[in-house]
């Protein structure tokens, strides 16, 4: 198996997602094993939900590289400890590149399995975002994505760009790159300019 | 596709379930996106678990109407805000009718796939109740259904009524209506007379 | 259907797992229904995740005995109340025997479905450990397994022993027994000598 450019980006994304899970686990005083599991679930959870919904064998059961990638991420956290945060901006970039790629992978895998575009856009977003939701459930917090981040909207926009360009019969590589770039751009702009969605407020707690 | 009476009830049920999720999300200061997701999960979560257990494609991936229904529910919450609670009794009724229908749909789909009746009753209950459990996990609370509501018992009774009438070779439409009516009746009576299950108490916290 | 030795151990394990879920539910003031569900999820949750990942019909949908076992466990908790804890050591032993068997069942079912050994070891561990994680999510606590218990490591070691002996062409029964015994041994030793994994500590809460 030759390892191509896409594989490298995918491992970088997996690594960055796993780091985010492991660091949150550390902040919650998990042990090594717990941190590894949370890192792994953060990295592969979204794709696993997608594969179960599409009735496919989860991708990480076909290839040991995701387990290894998470192990490397755990080793990095153990070794660098808080110094890891010097690379904070690098992680944010890796994480965003990983997200962008995950969305494109999710969209294409869904289309390949014969589902319509609106399902593909949903699955692209689930691939990118559900791992973080599962991470937050495991550490017993309200999922961050529901309150602060523009994460999911970036995924949906990336999926819509894919759809638009595919409908216009654009070249596939160009479509992939544009879709991924739009996820990245929306996320970076949202963080830079602190854009977030309005809260749904309710004066009444009664439900 | 002609839209029949059953479809209309199903959309009403989906709408009412989504409203319950969106309002809880609003009370927890989620943003619009988070509220939409929680509403959607509340509405389709039970049926999704059922379809995954039965190894079927989740129903909402075959039809955009559940996404749209949730969107309408979000718009309603945004537009009416707290005035929405003037219709509190209407929602409770919609929610209960939706529940009743979800149970019947879950029972029938399971039987159609060749499983025995006891699995069908479980799947009917999961269809009706698992969405609310997933909603409560997402907003990081102990599922309401485990402490207060008679919800799940209503589902099980509805399933048992279906089983009984089916065994007695009753007409299918009559069986469906009686099963749904029994879910509705048990739920309404339980709420009206504040009937709930006894708590399991333990003097010792030690586990 | 003749009930063999393996079946009896499996029911004992299911019963012990269900008891652990029901007691935690009682400590959190769940009602009877909630306690039953939490007990059932604790007992069958791990195997259900495994079966969904392997694309098989969940095992408890093929046989009513797991539902009945959980019902007996609920009755035992209701009847004996806190006196149940006189049998604390017996439960710990049952629970550990159940765990050991669940791991072996998970490994073998995965191999039978044509997956490689590293997937089988993961699935053995998921079979043993994921039910407890789901239990802790339902009662809205951080999963115990991520902070204190050596539980999961015992599962992984049991899987590795299975792999090793299988590679050495040992007799199947001997392989099963040795694998189960190693799970049991690691768990008992870890509890006796209070061995746990180091925590991942982080001075910074910032993530």
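Should a chain be cited, it is by its letter among A, B and C, assigned in written order, with residues numbered from 1 in that chain.
By definition in this document, a contact is a pair of C-beta atoms (placed from the backbone, for glycine too) under 8 Å apart; a residue touches a chain by one contact, two chains touch by 3 or more.
If you're wondering where the values come from, they're calculated on a predicted model, not measured in any experiment.
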item	value
Same or different residue numbers at the subunit A/subunit B copy interface, by half rule	different
Between subunit A and its twin subunit C, rotation from the CA superposition, multiple of 5 degrees	120
Distance from the mean Cα position of subunit B to that of subunit A, given in whole angstrom	30
Junction residues of subunit C, two or more chains touched	52, 55, 137, 140
List of subunit A residues in touch with subunit B within their complex	52-53, 55, 115, 118-119, 122, 133, 137, 140-143, 145-148, 152-153, 196-207
Residue ranges of subunit A touching subunit C (in the complex, touch as defined)	20, 22-35, 37-38, 48, 52, 55, 57-58, 61, 64, 67, 77-78, 81-82, 85, 137-140
